[in-house]
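Across the two complexes that follow, subunit A remains constant while its partner is subunit B and subsequently subunit C.
The block that comes next holds the complex of A and B.
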C-alpha cells in the first residue's frame, strides 16, 4: 500500500519535474540570488531593528531602538534634513522637467534628439564625482567659483559648507542646478502621445498657448507627474554621496546629516547595527508611504 | 509656432539650461587641465589661458587609479553579464511559462521594487561576513546580482513578443533551452541593450555597498577610490578634479556610443537615478 503510494508520489514528482523543470531552471538562478541578497536581508533588517545588535551579537529588545531614535536630536535632525532636501529638490525637479519638456515639445524631431541627449549627458556621472565638483565650486576660498559669481552681483562671500547655516543650502543648490534629464525624457514621451482632438477643440475656442498648456497638457500629464514625484522622492530620501563628499559626512554641527549618512556612521563607524537597522526601517517606511500615496492617487485617476 | 523668430528664444533658453547643467562637467575638466597656479587664481577664470596634462601624469604616477578603473570594469562587467543571462531567463519564464508558485514568486519580486537599497545594506554585510566574502570581489558582485529591476524589465518586454514562433519551434522539435536561446534572446535584443547599459552604469557608479564591503584599497572600484583621494589630497583640487575626470571619461564615452539606448531605456524602464 504505502509502497505504491510512495512510488505514485515519486512518479508524480517526476511528472511535475518533467512538466515544469525548465521553468524552474529559468527562474531559479536569479530568484535564489534575490532571496538570499534582497528578500532575506529585508526580513533580517526588520529583525535586527528589534535587537540590541552590536559587533558581537545581540538580544531582542523590542521597540527600544525606535524609542532611542525618537529621543535622539541627531536622528530627528537627519529626518528633517532628508525631508527638507527631498521637498525642495523634488519640487524643483518636477517643475524644471515639465517646463523644459514643454519648451522642447513644439520643436522638430532633430531638436528633440539633440536636447534629450544634452539634458541626459550630465546625469550619467556618479554622485561621488558630481559631489566632488560641487565641493570645489562651493569652496569658501577667494578662488571659489560660487563666491566669485555671487560677488559680481554684490553678494557674499559665503562660508557655504564651512557654515552650519549654509551647508545644507549648498547641498540643495547642487542638486537643483542640474536639469533632471530623465524627467525631461519621460515628460517629452508622454506629451508626444496626448490626444490631438482636445487641442484642436481648444484652438477652435481660441485658447492661448498658455491656457492650453495649463488646462490640457498639465492635467493630462498627471500620471507621469505622480510617477516622477515618487521616483524622485525615494531617490532624494537616499541622499548620501553628496553629503559624504561635499560636507565630510554631515557638515558642521550635523547641519547636513541625512538618514543614510547616519545609518552608515552608526553601523559601520560605531558598530551599533541594531540602532542603524531601526533607522533603515524608518527610511523604508518613508519610501512605502510615498509609494502607497502614488498607487492610491493613480487608482482614483481617470485613464485616458 | 513654427517661424524661426518664435523658435529662437526657445532655443536660447534651452541651450542656457543645458549649458548650466553641463557647466560642472566643463569646470571639472578645465580644473584638471589647468596648471596649479591657475587653479587657485583670484578671480577664477572660466576660459583657460594655458592647459597642461601635468595633473594627469601625477595622478597616474602617485595613485592606483588604473587599478581602480580595472576593478570597476571587472565588477560592473561581471554583474552586467550575469544580469543579461539570468534576467532574460527569468523574464521569459515569468512572461510566457506556467508553473506552480509563479505568481507568488513574481509578487515577491515586484514588492521589493521600491525598497531603498540601503535598507538591505546591514543584513547583506552580515550575510557576506557569514559567508566569508567580506573584502572580496564576489562579495561586491553577488549582492549586485540580486536587484530585481532587470527581471521586471525583461518580463514586461518578453510579454509583448508573439507566442506563435515558440510554438512553431517546439513543433519542429526544439528543446526548451533552444526556444529561449534562438527565439526569445534574439527578439529581446532592444530590452537587453537597455538592461546592459542601465546595469553597467549603475554598478560603474555604485558607492555605498563597495565602501562597506571592501577594506583593501587595491580592490576598490573607482568611486570608492575617488572618495579616498579626497582624504589624501584634501584641498589639492587640481588632483581631485583629475581623478574625477578619469572616472568620468569612460561613462561619457559609453553614453555617446549608446545614446539612443539610454534615452530608449528611460522610456521603457523609467528613471533609475
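The block that comes next holds the complex of A and C.
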C-alpha cells in the first residue's frame, strides 16, 4: 500500500512539474537575485555574528559577541533609545496619518489628488537634506527656528541637540512633526474603498461624524493599520541618517545613539565586523518579535 | 637547488637595479642628477607604480588633486623611467574599507599610499608595510613626535608627511571692539586666555551675541594643557584619568561654566565652527592650520588687520596643542623594482625638494597642506603666507597622539561621551575620566596584543 502511495505521490509531483515547471523558469531570475543579494548576505551576517571577524578574517567564537553586547552599556543605551524612538514615532505617525487622511476624505476627487501629492512629495527629498534642515530648526542658539518660534511666546531658548537631556527629544520631534505622506496615501486609498452601506446605515441611526469614524472607519482600517505599524516600526528601528546628521552621530554623551548608528561605527570605524553583525542580528530579532506581536494583536478577520 | 641559486642571483640583480633607481632618483642631500649627466649612465628600467591618495579625483580642483598631479609631474622630471598612476577615493569609511580590503585581504593595490592614525599600525601589524631606510640626518630632520607615531615595535614603518598643529585664530576686529589686547607674539597663559574669552563674550546693542571662544567637537586639546596624556610613554597604560588630565578637563569645563562658548558647542562640527568664526560670531577659534587657506580665500579677511594667529594657551604642560599626523607608506611586495621606485617616490613626497619643485611650476602649486612634519620642509611652507611662516614654528607645541589601532573606539564610544558629561556638568571631570579608564585600558590592551 505504502509503495503504491509513494509511487502515486511521485507521479503526482511529476505531473505538477510537467504542468507548472516552466513557470519556475520565469521566477528563477528574480529568485536568483534574491538569493545572491538578500538571502546570502543575511546568512553571512548570521555567520559573521558568531566570529570575531575583522577585515583580515576571523575565528568562530560562538555566542561571545552576544555576551559582549549584553555587557556593553553603550549598546544597551542604543537599544533603549531605538525602542523609545520607535514607540513614540510609530504611534504618532500612525495617528497623524489616520487623522490627516480622515480630514481629506470628505473632500472632492481633485482635492484628494492635490493633498495626497502634497503630503507624499516631501518623501522624495533627500533624507540627508531633511535632517540638515531639522538640525538648523533645533539649533541650540537663540536664532534656531524652534527657539525663535518659542521665543515669540516667551519660552526658551532650549539647548535641543546641544544637550544630552534634550537631543533625543529633538530627534523624536523631528520625526513626529513630519506628516507621514506614505501613511496618508495608504489610509486615504483604503478609506475610499470602505463599503458605503455601513455609513448609510449609521446615518439612518443618527450617528455623529466622530461615531462613524470611531466605530466604522477605524476598525475597518485595521489591515492597513497593521501594515503601516509593521513597516513604520521596521523603519524606526533602522533610524540612522537623522541621528548622524542632526547630532553628529550619537549626540552629546551618546544621548541619541541608536542600534544602526552603532552598527555603522562598529563595522566601519572600529573594524569589528563580527560584533557589528551580532548587533544586526539583535536588531533583526527585535523587528521579528515586534512584527509577530503586532500581527497577533492587530490581525483582523473583518472582511468587506 | 640550482634553480634557487639562479633566482637568488636574479633577485640580487633586481635589488641592485632598484637601489640604482633610488640613488638616481633620490631627493636626499646629494643634488639630483641633471638631465645631461643622467644621459651618460644606462637608461633606468621603466617602472609603473600606483599611488592611492584619499580625496583625489582626476580633473577636479580639490587641493589633493592639484598637489598630487603636480607632484607626479615634478617627479617625472627627476625620474623619467617611473610612471605613476593615481587612484582616489573620498575621505571616509568607504575608502578606508577599500584600502583595508586591498592591502590586508588581497595583499595588493597601491604601491605607495597616504595613511593616517591607527591604520599605520594595522598595516604594519599585518606585515604589509615595507620599512623605509632613513639616514640619521633624515631621522633628526623629522618631527620626533611624528617619527614616534609611525614607529611599530621599535621600527619606523612609514614616512611622516605632515603634522597638523591646532592653534587659535583670533578675530582682531572683535578684540578691538571688546577692548582686549591680542596676546603678544601669540603667546598667552590659560588664565590670560580665559580672561580674554570672558571679555570677548558680549551682546551688541543690536542683540547679536558674540562668543569669546569656540572649537569643533572632535578634539581633546585642553586635556593636555597641564601635561595629561592618554597613555604612558610605553603606550601600555591608560593615563587620561591622571591628576594632570583631570585638571586639564577642569580648565575646559571652566570655559563651559563661564559660558564663553556658543550653547551648541558640544555638537559644533568643524565646518560649523569655522562658519561661526567667519560670520564674526566667535572671537577665538581653535582649528588646525588648514583654515589659513579658507581665510585667505575670503577678500574681507586680511591677515594682521582682521585676523591673526595665537598659540594654544599655556599652563603646566609643554606640548599643549592636539595635532594630527599623516604618513606616506610603501606596501610590502615581491616586485623589488616597484618597491624601490615606491620608496624613492615616498621619500620625494615627504622630503624637502618637492615644495620648491612645485613652486617652480606654472602656475605655482603649494604642496605643504600642513607644516611641521619636517624641519627642512618648514621654510617653503612659510614662504607662502606670513600666517604660515608663523605657524611653521608651532610644531613643537603639538602633541601627536601615538598610534593605537583601537583609538577610534576608545575616542568615540567612551572618551567623548565622558568629556561631554563633564562639560555638561553631569559628572565631575575626575568621575567622568575614572569611569572611562577601565574600558579604555581594555581596548589599549587589545591593541597591544
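Everything that follows uses one rule, which is that the second predicted complex is superposed on the first by the 263 of 304 C-alpha atoms of A that agree within 3 Å, B and C clash if a C-alpha of one lies under 4 Å from a C-alpha of the other, contacts with A are read in each partner's own complex, and residues count from 1 in each chain.
One rule holds in what follows: a contact is a pair of C-beta atoms (placed from the backbone, for glycine too) under 8 Å apart; a residue touches a chain by one contact, two chains touch by 3 or more.
Every value quoted in this text rests on a predicted model; they were computed, and no experiment measured them.
Visitor: Quick one: is A:103 in contact with subunit B, with subunit C, with both, or with neither? Answer first, second, both or neither.
Guide: A:103 sits against subunit B, while subunit C stays out of touch.
Visitor: Counting only touches as set out at the top, which of subunit B and subunit C does A:213 meet: first, second, both, neither?
Guide: After superposition on chain A, A:213 lies in contact with neither partner.
Visitor: Report for A:159: first if it touches subunit B alone, second if subunit C alone, otherwise both or neither.
Guide: After superposing on A, A:159 lies in contact with subunit C but is clear of subunit B.
Visitor: Let me test your reading of the model: by the given contact rule, A:252 touches which partner, first (subunit B), second (subunit C), both or neither?
Guide: A:252 contacts subunit C only, not subunit B.
Visitor: Figure out whether A:139 sits in contact with subunit B (first) or subunit C (second), or with both, or with neither.
Guide: Both partners, subunit B and subunit C.
Visitor: Comparing subunit C with subunit B, which touches more residues belonging to subunit A?
Guide: Here the partner covering more residues of subunit A is B.
Visitor: Touching A:268 in the superposition: subunit B (first), subunit C (second), both, neither?
Guide: Both partners, subunit B and subunit C.
Visitor: Which subunit A residues lie in the overlap of the subunit B contact set and the subunit C contact set?
Guide: Shared contact residues on subunit A (touching subunit B in one complex, subunit C in the other): 139, 141-142, 264, 268.
Visitor: Touching residues of subunit A toward subunit B in the complex: what are they?
Guide: Residues in contact with subunit B: 16, 20, 22-27, 29-31, 33-34, 36-42, 44-45, 48, 96, 100, 103-104, 106-107, 111, 113, 115-130, 132-134, 136-137, 139, 141-145, 148, 151, 177-179, 181-183, 185-186, 189, 209, 227-228, 230-232, 234-235, 237-238, 240-241, 244-245, 260, 263-264, 267-268, 273, 276-277, 280-281, 283-284, 287-288, 291.
Visitor: Per the contact definition, I'd like the list of subunit B residues that touch subunit A in the complex.
Guide: Those residues of subunit B that touch subunit A are 1-2, 7, 10-11, 13-14, 17-18, 20-22, 24-25, 27-28, 31, 39-44, 46, 85-87, 89-90, 92-94, 97-100, 102, 105, 108-109, 112, 114-127, 142-143, 145-148, 150-151, 176-177, 180, 201, 204-205, 207-208, 212, 223, 226-227, 230, 235, 237, 240-241, 243-244, 247-248, 251-252, 254-255, 259, 262-263, 266-267, 270-273.
Visitor: In the complex formed with subunit A, which residues of subunit C make contact?
Guide: Touch list, subunit C to subunit A: 93-94, 96-97, 100-101, 104-105, 122, 126, 209, 217, 262-267, 269, 406, 408-409, 412-414, 417, 420-421, 424, 426.
Visitor: If we count contacts the way the header does, which residues on subunit A are in touch with subunit C in the complex?
Guide: Listed in rising order, the residues of subunit A that touch subunit C are 55-57, 74, 139-142, 157, 159, 161-164, 167, 247-248, 250-254, 264-265, 268-272.
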